[in-house]
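Some structures to go through are shown next.
Next come two complexes built around chain A: one with chain B, the other with chain C.
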Partner chain A sequence: MFSFPEISSELYITAAPVLILVVGSMIALLQSVSKSLGSRGAVESTAWITVLAAMAATTMIPTAPTEYLAGGLLSGTLSRFGEVMIMAVAVGVMMMMREHHSGASFFRGEIVSLFLMLLSGMLVMIASDDLVTLFVGLELASIGLYVVIGYTNSNRRSQEGAIKYFILGSVAAAILLFGMALLYASCGTMRMSGIVAALPSVAGHGWARIGALLTLVGLAFKLALVPFHMWAPDAYESAPTGITAFMATTVKIMILTVALRLFTGTFSSMNEVWYPAIIILAVLSMIVGNIMALVQTNLKRMLAYSSIAHSGYMAVAICALSTTATGLPVRAILFYLLSYVVVSLGAFAVVMALETEDNDQLTIDDLSGLAKNHPWLAGAMTVFMFSFSGMPPTAGFIGKFFIFNAALTNHLYGLVLIGVIGSSISLFYYLRIVVRMYMADAVAPFGAVKAASGRFSLTAAILALSVAITVLLGTILPGEAMERLVGTAAEIARK
Partner chain B sequence: MEFFNSHVLSIMTFLPLLVGAGIFLVPSDQFARLAALAGSILTFFVSLHVWHYFDAASAKVQFVESYIWMPEFGIRAIFGVDGISLLLVMLTTALLPLVILSLWHSHVKNLRFFLGAIMALQTGMLGALVALDLVFFYVFWEAMLIPMYFIIGIWGGARRIYATTKFILYTVVGSLLMLAAAIVLYISYHRQTGIYSTSILDLYSASLDPRTQLWLFGCFALAFAIKVPMWPFHTWLPDAHVEAPTAGSVILAGVLLKMGTYGFLRFAIPLFPQAVPTFAPILVFLGLVGIIYGALTAWVQKDAKKLVAYSSVSHLGFVVIGSVALLADGSLSSEALTGALYQMINHGVSTGALFFLVGVIYERRHTRMLADFGGLASAMPWYSVILIVATLGSVGLPGTGGFVGEFLILLGTFQSSPGAALLAGTGVLLGAIYMLTLCRKILFGPLTHEENKKLKDLTPLEFAYLVPLAVLIIVMGVFPEFFIGKSKASIEHLAKNYRSYSLAIDSH
Partner chain C sequence: MVAVENYFILSSLVFLCGLAGVMFRRNLIMVLMSIELMLNAVNIIFVAASRQLGQVDGQIMVLFVITVAACEAAVGLAMVIALFRRYGTVNTDFLRLLRG
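Coming up: the complex of A and B.
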């Protein structure tokens, strides 16, 4: 029988970030109906107060893994890790938007309301063990994103990208939901931990297998793994760059958290279904992502394809989850994710700093001579590009080292070989940016960039922070960071 | 002093990087030059300290420092030198002040960035030489590429972007495979002993099955072969050299290429000894092809810099065959190994000098084509003297360091395979032909070009960085024992015991 859940103070603390965001979202929505309250300044204050309060609240999530609301809400280190990262990205993106010309259309009551709402959806998805709650969180996040992509810039391309993302995303959601339903039908529970426990006994069952496969496809869609990546380049290109940065990072955080919860422990029982499928996804993503990135001229499209390739590297480590030594792959994925998020945010911040209202689709050639006009921007971008390509002494190298380490421990020699080939290809297009910035002569529009955006202070802070973290994670802190992830890995493995 | 003594290698390694970072803070370019010069000379003095207190009688690694980086994964920063790395460290620290001196009057754009890159490069090179941990070695090995990439790409010639991209892509493809192989080795060692360690002092004792050793040796060898570069992976080298600014070429030829041959001696051979008998003939074959192909290609070059670049391919072929000269009893020939090491140093000095010399005339005439010169002996007598010394050192005339190196390599190779020695011997002959051709075309014959008549001879500054190299070429030929003596014990140890290699730590 249904019993009313027990309410404890820990529950409130764990749920606080979501609650804060929902309340903030409502306030922003109400503000949008009034002319004076709906001014940019007022809406922005609501947004900042809400996001900062929610961010502070995420850091207080208890580290002891506990379930609340019949599995609808989880505390624990993984939830905290994911939620803090998402909120940190949100703060970073808002800082960037503030100084960007698209900020004017972003800091409107209805958009901010949606933004806060989609953030709450992401947090719900990360901290949920219940498939229904999880799906609600995912849809909340996705629907918010479709609208924010389309409405922030009201030009045609932006709307086209939003519609494409919407259609493909809805199909993906349907597939995911269908997979979940089949898993429920086979396992008799909506709880992820229950499914993880029940799968071994139903693994031979046809419907369970189809359910498992469809769930994987749904997640792969959201992660933009090839061949389910088609939406990503268009959506990345058409969205305002701040939203692109947000999308490129938070969606990965959210989906990978779910993937880690689902795959850790169940992998061996669904080996025959998941293992070959993820290998194919990983191989295709690394090859197609890198090769397609090679031929792009639009900076954001190039970053989109490169992010597909990075998803591929992380999928390599997911394959490594199949064995009992789960600790290393989990930590490798989380470390890689952390470095990817930091570096992506930084790279997009550089792109945003250079965009003007007339030219918001930068090409790689537009970066020519940047080192001369903006040596600090160029220097930061160089660090990010070297980190993306996995060169020491940056976080990207350590991330790649641990991914390879996890994969080779599980004898995935072929995958590592393809990862090596992919990384070599990727170096070429990442370096092309460095070449443009340092070794090519400046082209005309660049003198104007600095004048156009004027204020650089918040973006500069983001850049300095990203560079610092990228370098520190590559030199002094990697051991420390990996040690902190031990608890998270153990927490997932225990289930 | 206590602190200095126990951290001398890390001080030596990171001092240039610190100076390089400081260069950005100084007010003027002239200050930047001074700071860089002072920093590199200071580094040289620190390395002299190491040289002086190095115990030549011992094959142990000395001045060892060990810092824990990632304890859980057994990744440590271990620094140490033995007789093999010591000579290369000295080559690096000695060459760098000269390179910076050569930039004293140059007005390249963005000089501070250039000097900073050179200093960072020095840290990378020294770090790769003293690192005794696979991960740290890899970090320095790759970090070395980044400054070189900028040096060629920003201050290079017309096709600099093509050249620098090719340079970095070739190197990275090889080194990523090396990284994967290093991880496999690390995992295998953990499976055997239950201990995670990336220290090569531990990994030397890993006993892998022969098949695995073959694969891993292959991956390491590929990375090193690209770096050396051995035929057929050499195609990046002429491009990189031709496009690089003089300072970049000198460092590239002088030190960077030796990282490949050093890698064979430090990593590939002692880590995977059972693969050596299989790979030795292949490496000897590729080395021989490199010697002869490099020599013949150098012979027909019209561009002086390209000629010297191809001569590097040829000379480093000698180093490779000297590194893998297997004797009948399965040990390596210690004569050949000594020769290989000596040839690395000698090539660094003489080719470094040659690139400087090509740079000198290029600066005056803005051309490097041999046809544009001739008869410079009368216009630039001092220049001619130094060019002849460098050429003779490169050719291996008795009385120069080159002779000692090549002689020892041929001696050892002859014991291992007379045929290979014979073929390599033709390389010596060809070397004499193309190098003397270079000399003849630049220095002798009629002074046909009007503008060559009023060329200025060497300036005091040019003397300052060329004379030390010329002196060194001769000193190395006359007193080889002074240099080889330091590495004799280490070389003997590697040659005899590479199949069950171990490096003990000298804790004095």
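Coming up: the complex of A and C.
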């Protein structure tokens, strides 16, 4: 006779963030049917209560690696790391959105409902070990993002960016699914951990190799690695800046978590397929990303290309997973990810503080003379640009150090050389912003006046926090942070 | 007995047809249909592999893929309708505001 397995209370604790987000999403959707319930204030309070409750719930995820629902949900330090980061970004983005002019169009029932739902999709993808939940989580997050990009501000630019992202994102999902189907057929299991365990024995089979390669291509698409990066600049430029900040950070957290689960331990068995492919992706991303960022005038587009280059640096560390000592590269990737997320959020917060309704596509020239009008904003932006370019004493420097260190330990000298060349190119366009802010006179009246009126208190809090974390991670905390990531690295390597 | 590899080859061909459609078609409706074709090509592999392995997992996956494909089509068609209202056409040549 069939009997249902017992459900432990830890399952509910692990699933709590997702459940809270789904319930909140449904409430926000129902609110939009009535005029009074669907007002900005009412919807906003639903959004805040849901996101803060879910964030609190993510911090309670048990650190013991356990699986529930036949691998549909994993607890453990990696799940907790990824989920806490995603919810922290969500809280930060909502704080920025609250004071931004696009807040009125963001805090509507249907958009908030989609936002909460796509957050739940991201959490599901991070915490899943099963291809079914992985795919559903990925699509929940992606489909939600397409709509939020295109319909928060429904202008021509947004719609065009959204449809381009939609087409390329769907193709990426289909390629990833095709690769996973072939891996399932070769390994005979839907479980990621099962696939990881079975891959070394089927590595010689042609279909398994094609599956492994296509899975990599699908992940590279979502990470915006060159040559699969075409969607990123368009999507970043066209989305409302808060959504751009959200997308630039959370999608990377989500995909890198899955990539780490998949590549750690299997990388050497699929060496002939993954190794050359990732080297090509890393080299192209570092070169093309940095060179294209040089010639951009639009600030958000420049940040998009710079994020492509940063994905390239992280891909260098993925190459270093090919040896048996995986702890160092895993910790390097997670540390770099942490510093990238904090700095990106801060840089986009500066962009948002300067945007007005008339000028929501800032160019680099718009930053001219910022230091005279808003020394604090300019100072914060300087810290972020230093960190992005990898100058001490910031988190970006330590992150790059860890990544190149991991690569050098694995004798990837060529990759490190290209990484260093890419970093020196990037120095030029990051420092150009700093020079404009401090040396040039204001060429045009820009929207920065708003920042002085004190309306941007939440954004200022985010900026202060980002600057503090960036500097602390770069000076006194890197050892502590790496120490904390040891458990996570060990957990991934054990699978 | 038909070897399972034949199903993989069939699926790859259908998948490539879909990919070619996305790359070369200029009509957004045709692009959407090509994406659906790609997702359904994957379903062939899942069903064939699940039959060969004697498991039901692959067939359950197919149900989820079909559901997700329907959601994607709904969102995609909504976007196409919004674009049609703005531009009066569903041709991709009009999407050239974002460059560089």
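Convention: the second predicted complex is superposed on the first by the 482 of 495 C-alpha atoms of A that agree within 3 Å, B and C clash if a C-alpha of one lies under 4 Å from a C-alpha of the other, contacts with A are read in each partner's own complex, and residues count from 1 in each chain.
Simple rule for what comes next: a residue touches a chain if its C-beta (ideal position, glycine included) is under 8 Å from a C-beta of that chain, and two chains touch if they have at least 3 such contacts.
The structure displayed is predicted, hence computed values, not measured ones.
*Asks:* Tell me the contact category for A:R301 with respect to chain B and chain C: first, second, both or neither.
*Replies:* second
*Asks:* For A:K164, select first, second, both or neither according to whether it touches chain B, chain C, the two together, or no partner.
*Replies:* Once the two structures are laid over each other on A, A:K164 reaches chain C alone.
*Asks:* Who wins on chain A residues touched, chain B or chain C?
*Replies:* C
*Asks:* Counting only touches as set out at the top, which of chain B and chain C does A:M439 meet: first, second, both, neither?
*Replies:* The first partner, chain B, only.
*Asks:* Between chain B (first) and chain C (second), which, if any, makes contact with A:D234: first, second, both or neither?
*Replies:* Only chain C; A:D234 stays clear of chain B.
*Asks:* Which partner does A:G150 contact after superposing on A: first (chain B), second (chain C), both, neither?
*Replies:* Touch status of A:G150: second partner only.
*Asks:* By the touch definition at the top of the document, which applies to A:P392: first (chain B), second (chain C), both, or neither?
*Replies:* first
*Asks:* Is A:A104 in contact with chain B, with chain C, with both, or with neither (first, second, both, neither)?
*Replies:* In the superposition, A:A104 contacts neither chain B nor chain C.
*Asks:* Flag every residue of chain B that touches chain A in the complex, lowest number first.
*Replies:* That would be residues 68-73, 75, 135, 138-139, 142-143, 145-146, 149-150, 153-154, 160-161, 164-165, 168-169, 172-173, 176-177, 179-180, 183-184, 186-187 of chain B.
*Asks:* Touching chain A in the complex: which residues of chain C?
*Replies:* Residues 4-5, 8, 11, 15, 18-19, 22, 28, 31, 35, 38-39, 41-42, 45-46, 48-49, 52-53, 55, 57-58, 60-61, 64-65, 68, 71-72, 75-76, 79-80, 82-83, 86, 95, 97-98, 100.
*Asks:* Mind listing the chain A positions that touch chain C in their complex?
*Replies:* Spelled out, the residues of chain A in touch with chain C are 131-132, 135-136, 139, 143, 146-147, 150, 154, 156-157, 159-164, 166-167, 170-171, 174-175, 177-178, 181-182, 184-185, 188-190, 207, 233-234, 237-238, 295-296, 298, 301.
*Asks:* Please give the residue numbers of chain A that touch chain B in the complex, ascending.
*Replies:* Of all residues in chain A, those touching chain B are 386, 390-393, 397, 401, 404-405, 408-409, 413, 416-417, 420, 423-424, 427-428, 431-432, 434-435, 438-440, 478-479, 482-483, 486.
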